[in-house]
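One structure is given here, and the rest of the page talks about it.
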Amino acid sequence: MTGRAMSQFAPNIDEAVAAIPDGAMVIVPRESSGVPMEATRALIRRSVKRLHLVALPTSTLQGDMLIGAGCVETLETSAVSLGEFGPAPRFTAAILGKTIQMKDATCPALYAQVQAAEKGVPFMPLRGLIGSDILTHRPDWRVIDNPFGNDDPIVLLPAIKPDVALFHAAMADRAGNVFIGRDRELLTMAHASARTIATVEKLYDGNLMDDPALSAGTVPGFYIETVAVAPRGAWPLQLLDHYPADGAHLADYAKAAATAEGFARYLDQYVHVKRAA
Amino acid sequence: MTGRAMSQFAPNIDEAVAAIPDGAMVIVPRESSGVPMEATRALIRRSVKRLHLVALPTSTLQGDMLIGAGCVETLETSAVSLGEFGPAPRFTAAILGKTIQMKDATCPALYAQVQAAEKGVPFMPLRGLIGSDILTHRPDWRVIDNPFGNDDPIVLLPAIKPDVALFHAAMADRAGNVFIGRDRELLTMAHASARTIATVEKLYDGNLMDDPALSAGTVPGFYIETVAVAPRGAWPLQLLDHYPADGAHLADYAKAAATAEGFARYLDQYVHVKRAA
Amino acid sequence: MTGFAPEELLADTIMRLIGDVRHVAVGNASPIPALAALTLRERGGGMPYVSLLGSRRHMFFTDGGRELFDCAGQGRVDVFFLSGGEIDGAGNINLVSIGDYAQPNVRFPGSFGSGYLYYVVPKVILFRVEHSRRTLVRQVSFISAPGGNADNVHRPGGPVALVTNRCLFAFDRAAKRFTLASVHPGHTVDEVIENTGFDFDRPEKVPVTEAPSAETLRLMRETIAPQLAEVYPQFAARVFGVKVAQTSQ
Amino acid sequence: MTGFAPEELLADTIMRLIGDVRHVAVGNASPIPALAALTLRERGGGMPYVSLLGSRRHMFFTDGGRELFDCAGQGRVDVFFLSGGEIDGAGNINLVSIGDYAQPNVRFPGSFGSGYLYYVVPKVILFRVEHSRRTLVRQVSFISAPGGNADNVHRPGGPVALVTNRCLFAFDRAAKRFTLASVHPGHTVDEVIENTGFDFDRPEKVPVTEAPSAETLRLMRETIAPQLAEVYPQFAARVFGVKVAQTSQ
């Protein structure tokens, strides 16, 4: 098995993401489940290249920034937008300019594919999809005749096994257990991925596994390679139960990123210089 | 969709299980995940018949008692024993006497089959199994050539969709939300089953969903048809984090149930007369 | 036309379409359906169950992002909502791109959960505020999810209606066609024909869409709008003037 | 032979077989492997990770009963333990029944997770305390899980050894045969041959199984036995005299 014996704490955010190599397949969560924005800025600062980014099942600011900064070679997701702030401008420009390879999916297909990796099976079946052009453009998906049915076509989706799962959560203890609460896809991501890097708002005193309630919402340290403390690490996105999205900032981003130049200025201002805490 | 609009509280344990019809497919959890023994005694008192009992993935006292009392027509599970107290005598007698139909499985196959129902897919693939006589004796399981491999046989397992999920847990709130903590298979069972009946140690004041930690370990009332309060409802088995198994009682059961007569006396003493609280 | 915002009329229309069901789920980028579902639940004293994607408070799921889809696969989601960059007369929706897929002229965000939910939720209500020949087209460039399938394809669900800023269409699944059901107050049948890129059926007399009641409007504005602001702060601010709590660094 | 119980010798032997790994999982009805795994972890200052089925304290899983199997499918379980009502010379194990499956003479509890874990865990250690021609047979009646498979079957895992109350066998996966590796103190090669129903290979000189050190015995008795009592109270009481907390009604 890959991974060190026990979880390690990174001294800072840049070291936390240092082990993500160019060309890695990295899986990240949807906006409401803990997007590691501080780690994303660190990845861009490091000029990581050729990522195969899997956004489970959608992305917003994070995907747009990684694409705009030239970090992404392949994007596998069900949608990228800025939500109420409109289209994702760098994503849109990259598709129209054909600078990234897009693997269009639909949300439950991605969940099923990651669950396939979690379960160590080569594929998962899924209903729907037949007659959709998503399927037409995915030669890696297969249609078979359901062996338990009668003239009943069904789609099989191959497992997605990321090299790295990367997410932000509320807290971790010193054993590397990470509390995720109801954001259970983070657990599935960690199970499915060879390595997991988590950033957290703060440290928890004691062992999360000793509490019957907290342990139910915990990714065991067994699955976690690296933890870094990053207060407000999802900013300017929300961390549910903790802080809302920074709408004013997101509106500014949407405006700036409408052009390549504006986006470059945004990076200069918010990424290449570490923002003050 | 089947099921009433909102969860109901049953006034007593006998009413809680009244809606389980003869012939129902009922799924119950393994010993360490909250076995509804009080509800099991109520089912036996009611002389429920012809159950298709799915024990996920194994059973101990509960399966043995239901079989001994003549409630079970088909048993689908990976193992039945009394653990440290030896073989399950009524199960063994029923198999040797051919009074129940046995569907031998292996633990992860059952989990996968229940997950298939949870996901609304007709089947799930699973590694292993090939060359095992478990597979030989399960005509309802299929082997296909993995479409993503090359001369790579893999087993497909059909979904198990129980009529009723029945389990015991720590607590429920008045909205019918049930706290299960780390015993996550109870959630999968509830998702997969048409109806869910839960017994709980006690009521929780407030709404479990309002607490970020407790909600992570909760089966939403949405999936629960009936809740009944049954203090020490897993007795004489354990409820982890709450009470251990009653070893002396289990040793007595193992001795009594060695014969049909001894088992009948056990039922007279502990089931047909409601035990004092 | 005075007295209510277009969004309020659309939400009210959607409330009527939802009807008497147990569970309504609302996906991404769906503020008007969210307004409708939450208002209906408030009026129903807690029923139907509402699952509002992206919300913590209006969301009972405890199994992560997949639970919406698992729940729908179990047959436990009765109503869902989808939109489209393009929608055509056969009920096909396009959330991906216009032009050749490999070399598109226009790119939309992506298909979200449509490639699955459109098939398994019994009552899918389509909504597209902008009613124009740009959005309602003869044939979509890319089918994120089709309006119908061959009979042997497992498909318990599909579209029942399409709500726009001009009218309400009903969808006939057997015929795979829309029928004009009503025209919103202040709009006309001719205007609908003029602005629709696909053929549709219509009765001789097309009714006017019922306006929301004062009570419904009061509920939306006073009770629901502040709840909506958790997930749709910009929408709640724009339509209802709800102040958004902004985070500053 | 004095100085330690047979269970202590077997656990010590299993500890050596486990070797230097990251994660050891222990299934149902496996008190001796549990004793070995917990002792090894104690000696290793917390490593390897140990997952003890049925325990709350010695179990880090948070995804329910399936997590053990998912974890193994991910390649994250390095060592597991299986037993058998019957075990044969090809490493096949029988946990189901003896005689015709439809009309058996003897019924065992069932296959548990063997029909999967035997295939995917790299190092499966077989243990069967009773070493007799009844338990170690020429050919099992029912294959819960086979010792080997055809080359095209996905099988990263399988048996590496078999520990009994008389000896230790190593398993050769290519040859699909056991080799006698050592005989426990107080037992003989002739006795092993006499009591084994299957053919096996053996070197000219068969070593004696190493006895547990005083330090290992101290650890097992003082530190691990009380931990073991959570899941195996009867075993802990019988072998180590740990008082079991009984629940009375």
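Should a chain be cited, it is by its letter among A, B, C and D, assigned in written order, with residues numbered from 1 in that chain.
Keep in mind that, in the parts below, a contact is a pair of C-beta atoms (placed from the backbone, for glycine too) under 8 Å apart; a residue touches a chain by one contact, two chains touch by 3 or more.
This structure is a prediction, so every number in the text was calculated from the model and none was measured.
Asks: So, comparing C-alpha centroids, which chain is the farthest one from chain A?
Replies: Relative to chain A, the chain with the farthest C-alpha centre is D.
Asks: How many angstrom lie between the centres of chain A and chain B, each centre taken as the mean Cα position?
Replies: Using C-alpha averages as centres, the distance is 36 Å.
Asks: Just give me the whole-number Å value for how far the CA centre of chain B lies from that of chain D.
Replies: The computed centroid separation for chain B versus chain D comes out at 27 Å.
Asks: Centroid of chain A to centroid of chain D, CA atoms only: how many Å?
Replies: 40
Asks: Show the residues in chain C shared as contacts by 2 or more other chains, in ascending order.
Replies: Only 61-63, 67, 69, 73, 120 qualify.
Asks: Got the chain B residues that touch at least 2 other chains?
Replies: Residues 112, 119-121, 126-127, 149, 152, 154, 182, 184, 187, 215-217, 241.
Asks: Once you draw an edge for every pair of touching chains, what topology comes out, line, ring, star, complete or other?
Replies: other
Asks: Considering every pair of chains, which are in touch?
Replies: Chain-chain contacts present: A-B, A-C, A-D, B-C, B-D.
Asks: Under the definition above, what is the set of chain A residues touching chain C in their complex?
Replies: Against chain C, chain A makes touches at 29-33, 56-58, 77-81, 83-85, 87-88, 91-92, 95-96, 98, 104-109, 111-112, 115, 126-135, 137, 149, 151-154, 182-188, 235-236, 240-241, 243-249, 275.
Asks: In the complex formed with chain B, which residues of chain C make contact?
Replies: By the definition above, chain C touches chain B via 22-23, 46-47, 49, 60-63, 67, 69-76, 78, 120.
Asks: Which part of chain A faces chain D closely enough to touch in the complex?
Replies: Residue positions touching the partner: 1, 3, 5-6, 117-121, 177, 187, 191-192, 209, 215-222.
Asks: Would you mind writing out the residues of chain C in touch with chain A in their complex?
Replies: Listed in rising order, the residues are 28-29, 31, 53-54, 56, 61-67, 69, 73, 95-97, 101, 103-105, 107-120, 142-146, 149-150, 152-154, 232-235, 244-249.
Asks: Please give the residue numbers of chain A that touch chain B in the complex, ascending.
Replies: Per the touch definition, chain A meets chain B at residues 112, 119-127, 142, 144, 146-149, 152, 154, 156, 158, 170, 179-182, 184, 211-217, 241.
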